[in-house]
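Notes to accompany the following structure.
Should a chain be cited, it is by its letter among A, B, C, D and E, assigned in written order, with residues numbered from 1 in that chain.
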């Protein structure tokens, strides 16, 4: 659809949340928890942290939660009775106050989960989620969205995007049908925006660090370059922090939890950084050392996904670098690869 | 809470407390049926995680019992166990887990009466404390209802 | 700093060591571990107040070990980690060259574990007063308040295992968490899975934790995990006279006993 | 070199000569004794008969004051004070709860880090090494070293010398050129605080001590406790009456013996203050009498733990 | 899929009076994996067992749960029955619904429900049981006896007479131990030498016994049935095969004033010496510390006078390696040293002696030919004081225990003294008289009544010398604590019996535990008094605690029987309920990371180090390994292991985890 521009007063934001809540929408938004910012269900605007650079966790949990029940079963004397969870049984949800990179991150997830056989648990949740992103007025040295085709005002993946253009006013971009439908709930609070507003003036300046095409090309050619991966990953300790804060990492694991009578099947986040990820029952591990796992992480995002799904698996949010306990800086590493 | 029948699991060593509980039986001393015994070779074998498993599978109380110090069939298992419990109890208490719900005791093979006392007193205490609601909220069984953890 | 660069260069040139694990400049105001193998790389060594990471964990990392004989720049926590690892037969005396970073930027070379032990006796190794206060504040709460506190903290946990990966003492090839016959610790990061995991980890570090704080530093969700193990340090010291990482041949506090160990809860 | 000094009541009263001689001796060896400011009574035997907390608080305050002054070692010449301070330190170290209670009572920070030294430990730590080179007038008298009860007991707390047949003072006397004789009453009771209330008992107990020393031809008795001194010295008329003989063996403090050996004069050492006249005959210096002081290690009391 | 059989026993009415057994069988029969369930009046009876066996065969059961009495009662019964029916016995478990249920609860639904719970737990557990095989360990039928005192001699002879080989190691040049030093023995006053020396000779001549004197155990490896021991044979400076024991060298040796250890310093010996005339072997050794040749480089008188040219000055220590299936520790005890009693002048006054010295004085072969004479001047003491409990029962001396033998030998000493010095006056200061033993109390009574020994109940505070007399100060507590002073000519201290010097090191060498007094620790104070915690190592005599001769001999024979029982089969069969370290394929090999924190928790030293080596011999990984021969199955290591690399058969992680789940989720 054609995008529409409107103006909303900052002072009306709290009414927005009230409207959503009173119309039965759960609202997921960034919430400050000590030093970290989580994406959580909120009751009112007060709880929402809009002034943060970026939430610690990405917004992917809206459609791909860290623990997801997909099946329930009971164990009889000789038979197992199954009670599948209905993927449709999730509410229409609003994801509010996230950043453009979070919104655009869903396009990687859409591609992964949309591949046949399509993953209904993800898709239904995604379908029922309306994303209101806030463009970025600030950035830090870890941000590199502009290097991977995004930007602080990138609207891809968002249904609505809000940009602060003055102390009082927010520029509202209505980007999709879903967004337009939702905006009806607060149409009375919107006023027309002049077409002359230059949104880019209000956005952070994120320098391009590398050419993504070059990274894709060099990565694809570097599978056998063991030294490269080893040098980059010597200090990597193999935790899953990067994958778990990443808006595009989609690896998961299934685990059954049961007692003698009942059981459930859970889908859980997993990470290719774990040695256990590829461990065979035999004891053999095809990705035996950390450098191979690091290679997998980079290649998956910059070689395999572009090749198979035609999308780069990175939004340049820099969360992985911020979360990394040993300062594995992805921007730096990708820049290095691009310069090979 | 009058009709609350707590689930209490007793982890006992084979040589002293299990035999002591046998003696309680042989002596026909009555005690509360809420307590059920699981036999271990020695208190030294009782992994602290076993206690956590009991709580999360719905136990309201736990008894851990073995040979008196110096009486261990394997001579030192209970000493090692005691150290482990000292530390573990500290940790449980620090994380807000109710150590009143775990009763540690030394019951020898000759202490049939003591076993009955330990069981009855523990049952009485757990009845007063009521079901372990804090832990029940995160117990295994919470997954099995229809809602459960679907979107956290 | 120049002294250190000179020293490391010399160690590398005369083949005393093949790799030196030290600090280099990191992103923003951070520092990071670097693995110096040439004189050229030695120029990248830095040392400043933000160089706090306990580098000892790298001594056991497979790929690092394979680079050859190791040297390391240690802080107090790393020294203690080395001794603790030695007491658990993971490092042998003479296997690693240890330089110690003094707060003033100068460094000391420790020739053997014995000299490390001697040094540690003269230096402050306890937890900070801030950490003591946090523990005291928690201890002052009621049991159910503490339950609520930790429940809220553990709720944030995403089971990325950064705490485990960052801990120099978590060197097991197969963690209890990875055991699935039986599945002691639920893999899921729901409340129970998180509680089980963190209690298990704290228990496995009881008497072994050298209070380096890497677990809490590593946690992307900012859970004060270090308090769990720190809280156990003083009872273990008071009760059993044991402090981790002070002797290379120490007997683990929970692997031994005294016939008269004191407790007041066993009837 | 500075060392803390706790005089207690007797140094300022009946045993002035003890303090004088300790100070004079310290001066010879360039040791500055720093009296703990605002010190109080150690509680002696009275306090711990009445109130445990009081009996611990009094010595704790003394030690806390010393800590505040940055004093590491305190020399406590009186055996009773030494005993009380040491016992307090021991008990407070064993019971942190009690320790904080006492700290709140005395309203001072108490860490228990000071080292409590009796006169012999003090000499051993600061003087013994240099003693022999300073001896100008070997104290070559037959000397009976009398230790009394409080200096070495209870061993489990004080960890000083051995309870039965102690040797530390004998060793010192030998180093000063003396002939420390073997005798049987080194740690027998002198009657202690009964000095005033039951003089007859003191006469009997101290009398037996004097008698054995005299029988073994001791020329001088050496002590390290003001109480012992007063009983053996001041109660001499009663003792002689009890024994029905006249024994005029003088009783000296160990600090006086060493003071004489290093050439201090009688007045400086306060020898004139004793009740029993100190009238030691001049003796020719024996050749090489000094050096063969045994370096024997004192055996421990218990089986190795 | 499991095929489990559940058998619910009524035990007559013992169970069925309160538990509805039919219902239990029916409900548990509905459980997943239960193929067959039934209830029966008496499961342990012949027909009951037949029922079990037939059901196993008919229903092809692969697991059995018998719900009946305590497994401590009938587990072996039912496991045996299973085995007879072809089912591995370790696939049978019992639910204790009698002692733990029917007998302790009233008749109501809760009780029946509890019984169901208990059965369900075992059904789930048995699903995780594994078929196990008993462990067989080959046995080397040779025993090593360490120590050649009366206990070692008795044990060695008993074992050798059962037809097994024995290797005896004695530290000193001769066997005989403390007993050979004694004069006469209570309560019969037989001459100690007369009863001991024939046995010493028997040792030397027994075809099954190899004797190594002047030798010490240097290391012990292996485990029950399979020990490998290194023995250091110290150089005697002598070719034993050539030496005839003529003794010429000992008479000609110019060094004659060396305090004689055997005489406890009351006599002298030369540098080349035989400890005592009846020594076995009766061949001398050179004490190199005191030999003029070794000190000054010349002398060699012995070499010159030796008619068979047997002296070997350049002989070196020899280390031999032997194998044994069992070890008997018989290293004996020692008595307190003089350092402990400055208040008694022990070590200072020559006439204050200890009990063993008195034994030598009273011995016909001793330094005084059996006359009681004081060491200082050889005078016969007219007044003698015996001090019992010199060190024993005295926390201040660090010895809190009763040395047990002193009351008796003190009485004997007083009696012997009185028999030899008719006009003498013996005093005994004692705390209590502990004369528990056959004819012991009568013996003490005789000392008091017939021999007129003055027994004073009280402790001696101090002893000092005055005018040639020993002034003994004490108190008579039976007379209201009145002080006593005795002017004695001689004092005999019954010094406490303590562990041998070096006992701790020896215990560490052979890997057995010891108590806080350094005495070797028995496996169980009541039921395993001669076993140690290390399988295959046994205790005899006073190395365990002070013991008198009959007690030492009894313990030695007890140990010998244990050894003989062990040697009665070629293989040792053991319960397979032991710990095991998991093994996996390369490159992991095992979940074990080799931290060896398990090693110090193991009471049996069963955890060994195993090195995984590459083909080129390089060590890839060091793992823990459980020695099945030593493990007793306590499982303490299992609970400690962080990686869960160690598990234990019968109480495995899977099993206990399943039990909890089954118990709580009904």
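By definition in this document, contacts are C-beta pairs under 8 Å (C-beta built on N, C-alpha and C of every residue); 3 or more make two chains touch, one makes a residue touch a chain.
Note that this is a predicted model, so its numbers are computed, not measured.
Enquirer: To reach chain E from chain C by way of touching chains, what is the minimum number of steps?
Expert: Minimum step count, chain C to chain E: 1.
Enquirer: Determine the set of chains touching chain A that also touch chain E.
Expert: Touches both chain A and chain E: B, C.
Enquirer: Of the chains present, which has its C-alpha mean closest to the combined C-alpha mean?
Expert: Smallest centre-to-centre distance to the global C-alpha mean: chain C.
Enquirer: Farthest chain from chain D, going by mean C-alpha coordinates, please.
Expert: A
Enquirer: Using Cα averages as centroids, what's the distance between chain C and chain D in whole Å?
Expert: 51
Enquirer: Need the CA-centroid distance for the pair chain A / chain B, whole Å please.
Expert: The mean C-alpha positions of chain A and chain B differ by 45 Å.
Enquirer: For chain A versus chain C, what separation do you get between their C-alpha means, in angstrom?
Expert: Each chain's C-alpha centroid was found; their separation is 32 Å.
Enquirer: Mind pulling the chain A residues that touch 2 or more other chains?
Expert: Residues 66-67, 257, 259, 262, 266 of chain A touch two or more partner chains.
Enquirer: Where in chain B do residues touch two or more other chains at once?
Expert: In chain B, the residues touching two or more other chains are 48, 53, 57, 76, 80, 84, 140-141, 143, 149, 152.
Enquirer: Got the chain C residues that touch at least 2 other chains?
Expert: 176, 184, 188, 190, 254-256, 259 - these are the residues of chain C that touch more than one other chain.
Enquirer: Name the touching chain pairs, please: which are they?
Expert: A-B, A-C, A-E, B-C, B-E, C-E, D-E
Enquirer: Touching chain E in the complex: which residues of chain B?
Expert: Going by the criterion above, the answer is residues 5, 7, 9, 14, 18-19, 21-26, 28-31, 33, 36-42, 44-48, 50, 53-54, 57-59, 73-77, 80-81, 84, 116, 140-141.
Enquirer: Touching residues of chain C toward chain E in the complex: what are they?
Expert: 88-90, 171-176, 179, 181-182, 184, 204, 251-252, 254-256, 259
Enquirer: Contact residues on chain A for chain C in the complex?
Expert: The contact residues of chain A facing chain C are 33-36, 38, 56-57, 66-67, 140-142, 230, 233-235, 237-241, 243-245, 253, 255, 257, 266, 268-269, 271, 274, 276, 289-291, 321-323, 325-327, 329, 332.
Enquirer: Under the stated contact criterion, what part of chain D meets chain E in this complex?
Expert: Within the complex, chain D contacts chain E at residues 155, 162-165, 182-184, 212, 215, 299, 301-303, 305.
Enquirer: Given the complex with chain A, which residues does chain C contribute to the contact?
Expert: 26-28, 30-35, 53, 57-58, 61-64, 156, 158-166, 178, 183, 186-190, 193, 214, 217-222
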